[in-house]
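All chains are identified by letter, namely A, B, C and D, in their written order; residue positions are counted from 1 within each chain.
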Amino acid sequence: MSDVKDQVRKYKIDKDFEPDFFKDIERKSNIWACIQCGTCTASCESGRWTALKTRSIIRKVVLGDLSALKDPDIWLCTTCYQCYERCPRDVRPTDVIIELRNYATNLGNISPNHRTVVSYLKNTGHAVPINDEIKKHRIELGLEELPPTLYKYREEKNNELQKIEKELFNLPLVKEKNKKEKEEN
Amino acid sequence: MIKEKDYENIVVFMCNECGQGSANTAGVARMNYDPAVKIIPVQCTGQVGPIQIMDALNNGADAVACIGCCLGACHFFNGNILSMHRIKLMKKLFKELGYSDQNINQYTSRAAEGETAVGDFVDIVERLSKAIKEGGKFEVEC
Amino acid sequence: MVKEKTFSFFLGCIMPNRYPQIEKSTKFVMERLGYVLLDMERASCCPAPGVFRSFNKIDWMVTAARNICIAERLDADILTVCNGCFGTLQEVNKHLKENEEHRELVNKKLKLLGDYEFKGTINIRHIAEVLGFEIGPLGIEDLIVRKVHARAAVHYGCHFLKPTRIREIESSENPTIIEDFITALGVESVRFKDQLTCCGAGGGVKSYDGTTSMTIFAEKMKNISEVNPDFILDICPFCHLQFETGQDYLNKKCNFNYDLPVIHLSQLTAYCMGMDQELVGLQYQLMGRNYEFEKEILKNETEVS
Amino acid sequence: MAAKDEKIKETEKIEDIFSSKQEEEPRIGVYICHCGHNIAGTVDVEKVTEFASALPNVVEAKHNMFMCSKPGVQLLKEAIKEKGVNRTVVASCSKNQHGKTFARTIEEMGLNKHKHQQVNIREFDSWVHQKEKDKATKKAMKLVEAGVNRARKLENIETKKISTTKAALVIGAGIAGLRAANDIAELGIPVYLVEKESAIGGHMTRLNKTFPTNECPQCSISPLTNGVANHPLITLFTNAQIKSVGGSMGNYEVEIEIKPRYVKDNCTSCGECANSCPVEVPSEWDMGMSIRNAIYKLYPQAIPATYVRDKNSCIECNICVNICPVQAIDFSMKSETKTIKVGSIVVAVGYDEYNPVEIEPYHYGKQGYENVITQLQLERMMSPTSLTGSEVLRPSDGKIPKNIVMIQCVGSRNDQVGNKYCTGVCCKFAIKNAGIIKDNYPDSNVTICYIDIRTPGLNFEEYYKSSQEKGIRFIRGRPSEITRDPTTGELNVIVEDTLSQTSLMLEADLIVLSAAMVPPEGIGPLGSKLQILRSKEGFLKEFHIKMNPTLSSKGGIYLAGTIQGPKDISETVAHAGSAAASAAAPLVKGYIEKEMLIPTIDYDLCVNCGLCVSVCNPAAISRDNYERPILNEIACKSCGMCMPACPTGAIQLLNFRDDQLLDEIIAVSGGGVVCND
């Protein structure tokens, strides 16, 4: 028998919710009007194979349940827009998930793989950089060895690639733990 | 909050149906509100034009409001919406002229609930205090 | 007014850096159709609507607006061959044209990157839309030199049609634009189960969680292989990548034996318009390297050129 | 201060110009009521009286304990008699409570009742400022001053008696129209009943069973259809529609176009013609679930029983003409127009079932999706007279379906298709049909996918419970799509069971869409002929959603049944009965009394811009041949919305004229007489 003291509270109380957290979310009134019909979840291709439940995510936003931001499921949406197309209340769940990912990014919840993709963009101007094999293919096909994109002009003085690197997509470095988590720990 | 001496007269045009109805209900329930609020009964808020609103402001009213039926429940179909648009335009004009747009307002109320009218009155005063704070309240130069 | 019959050719990332054959085909097709393609120098990633938008919507818009500004200088509509690029650029272009507040914000940030200002003078076009609607099946009939007799599994991808209220191209539930077009090329489209679902790559899922991406893809491949097509036809290099690497993955890890060639609409059209099979570049791809088109020659190439 | 005085002088100057219109010098009597302690406990009535007596034109100012009592009213009478008071101001309770009492009193004394001005210092003052007595008194003074200012220029307003035409028109002979026509005729008023189909009965006759008792609708409605068809006071026009509507409240003139049936009334309904007709087309009445001929009867029990020829599908082979034993068939019949005069119009044109093709993921009507049908189609399939012999069969292959899935809220509660409302009856009829299927085919699996089950009211929750007990599976979730396997042709419904958070793929042999009720086709043109307003959903708009749900936006035109909004049969019958009573009232009485509180148009100022025409909701203002606005006094609803619309102030509502309102505004906004505390 485990000690009664060790039991963790499984129910939630009002304080667990922060209804004002999402008050600046775009199209807030539409999201608030969600009728939880489940069209989004049923439309979700990713959700058929994973724990992603679009409907629950929207519900969490309505309640102000911040666990949605830590939920790895929000990163499983393939942005196929099927739910967006079919929602009878025009909630646009895909946009909501993107907004949530923005919130999560600000809290530092970013996967290492995604950080790599961002570093590619910052270093080469492309999410998928070129390699030697493809350069060979390009020449064989009669194309220029390098496409006329930012990467080609990376050696230029005062080049824009450096500016992009400096100004855009500066992700928070370490995962900041919010107060509650610290307290719990 | 502003001091009471800062304003004296708030003119409220109330429609024959829900507008006056809610004020009557508020009276029957003995709900207190600011004595500066003075009601002018009209047929419908759609009847109140810029002439009436400017007349009131010109003659010393500190704030003017129109209170009609709920949207979709106007007894003359869309008088409240017409009034809403009219006041929106007037607000825009006031802003462009450099006055605060907070002392002319349109509200709706429900005849069965006096709270709705009283809530509107409270809001009028709040907005008026905002207008005074901003310093852009419309005033007659005399 | 933007220039007529001229496009700023937006390359994106995957096409020039993984599938240059699509770039080659597109240039071939558009030139044959009498269009001028202008290079967009110093363009960057679009950036991808799934990954980068998830991190910072405003920065995503700024980067996209920068690309649009390059095309605005060229004074020609943007042509993309990728659903992702189309999705990003079209959405940002439309959003910034309508939303003054964001336009100001984006223009402010654009100043930090160089001499850019979003004006909203151009539109974004997708190759499938240009071929399918502007040229159309009737328009292409006279220009092709050979037909391909094959059964294709058409994959529309997501961002080309959806969200319909922003794209305003066609119904997302019953689209026929590609089917109609390839019928003119002699190709028959075979319907398969859940045809319009995602390939599993988008939204940053491919980089975030490869297994999920492959699970979704495996179902897609199962449905496709059930109807036994000759090749898979897509209109997006990212879907292209997913179909290529995905089949490879399934063969290696899960003992499948898939070898379906993956062909972009540009490649197929270029071939029908007389480009050599060598330049279609199936030999550079992972799947169906030895696939030969079953062709019907209509006229000699010399007649056309 | 000086500036203010000047302003008053200025306004007085303007008043001078207007006062030339005045026939008599205003002599105003002001009476302040104590209302026991209700007013006097807060407001210093004596002070107010003193203040009022000093106001211009006031000849008498008094206060009384209860103005509404006999001695109070007597004060008014004496003042009018002895002091020549010709306008009265009573400051007491609200206009609704005793305003009428005083108005009646002065009317008894020979004054026009609109010469009384009621000032509310109880609800608007004493009751809401009980703790601030000084301020309340000051406010009372201002309100009384406003009342006096207003009273000064009050005009006489006459009350007109308009005689009405003793006949009514009912448009639509569904259950609502039949009920309304019957109820009006029972009051002894002649009724014209117009139906666009060839037979009366409407949607109800299409149904198989009605909830919650599962009784036969044909049996419930036939006494009514027979009764209406045989009623001596009801004239029935079938195959007819409204061509034009003229006139106004109490006296309408309506043109009705009657299309030819091509079969004369001596038809014995033997059916020989239909049996011999070589043409076969899908029956619209049966929602395509059966076949009819080019000459046909809408349904077996149709009233009138006369056959009708569908000119568009007829190949004019003349077989029927020759075979008819009574020579009733005549291809040369022409459409005719009848003009009728009526006092009231009841619109009861019903609804249409929503066409689900708009919801693309359900693929309704697409090739390969023949097994996706609507509830009304299911009703026709299950009805006793159906082609399948009331068996439920799959349209694709005629087999009995094993798995039946019903999808709720198709076209209801959907922002994307623009129908935000809940139809409110789909839950009930889906439960009904699911139950009937389960009873007839106990082996079948019936699933209902719903967002919320809405079965309020007596007997309906019980009905829901009994269907659950029968073993019908309820899944809370809106299906995202119906998928079809291209190789096997099988249909699947993809839905999330939101309660267990599981995504489901349901096998379905037959899918039934519970489609919404939408406004009927052609309601737009009919609405504009009648000049009545529509709600944004397209239904006709009622006068007031709570207090007058049967009157339309125009006096004399009433709404019955689902044309006002989705309803079930019992609600429709109740609504139609209420519409009939309202429509009959002015006809039974024989006249309408109308206070001529109407706008006047000064044609010298009018610039013929037409803005007043555009804001007038009851369409009382129209344009004459010279583009000038003209007022239909009877249709006017005295709302005054035309006043601010006018750019030149040419149109002015009597007793609410700009200058009359100005006087009142001056007093309450602090520009009038300064009262000392």
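Assume a residue touches a chain if its C-beta (ideal position, glycine included) is under 8 Å from a C-beta of that chain, and two chains touch if they have at least 3 such contacts.
Remember, it's a predicted structure, so these values are computed and weren't measured experimentally.
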Write down the chain pair with more C-beta contact pairs when B-D is set against A-C. A-C
Distance from the mean Cα position of chain D to that of chain B, given in whole angstrom: 30
Let me have the rounded angstrom distance from the C-alpha centre of chain B over to the C-alpha centre of chain C, please. 57
Measuring centre to centre with CA averages, how many angstrom lie between chain A and chain C? 24
Between chain C and chain D, what is the gap in Å from one C-alpha centre to the other? 53
Chain C, residues touching no fewer than two other chains: 172-173, 194
On chain D, where are the residues touching two or more other chains? 361, 481
Which residues does chain A have that touch at least 2 chains other than itself? 48, 82
Which of line, ring, star, complete or other matches the graph of chains that touch? other
For this structure, enumerate the chain pairs that meet the touch criterion. A-C, A-D, B-D, C-D
Please give the residue numbers of chain D that touch chain C in the complex, ascending. 360-361, 363, 366, 481, 483, 485-487
Touching residues on chain D, where the partner in the complex is chain A: 361, 409, 413-416, 451-452, 476-481, 494-498, 501, 503-504
Inside the complex, what are the residues of chain B that reach chain D? 8-9, 11, 20, 23-24, 26-28, 30-33, 35, 38-44, 46-52, 55-61, 72-73, 75-79, 82, 86, 142
Chain B-facing residues of chain D, complex: 3-4, 7, 94-96, 120, 122-125, 127-132, 135-136, 138-139, 142-143, 146, 533, 541, 543-546, 553, 615, 617, 637-641, 643-645, 649, 653, 656, 658, 661-662, 664-666, 668-672
Residues of chain C that touch chain A when the two form their complex: 11, 13-14, 16-18, 20-21, 23-24, 39-45, 47-57, 59, 62-63, 109, 112-114, 158-159, 162-164, 172-173, 194, 197-198, 200-205, 207-209, 212-213, 215-216, 219, 279, 281, 284
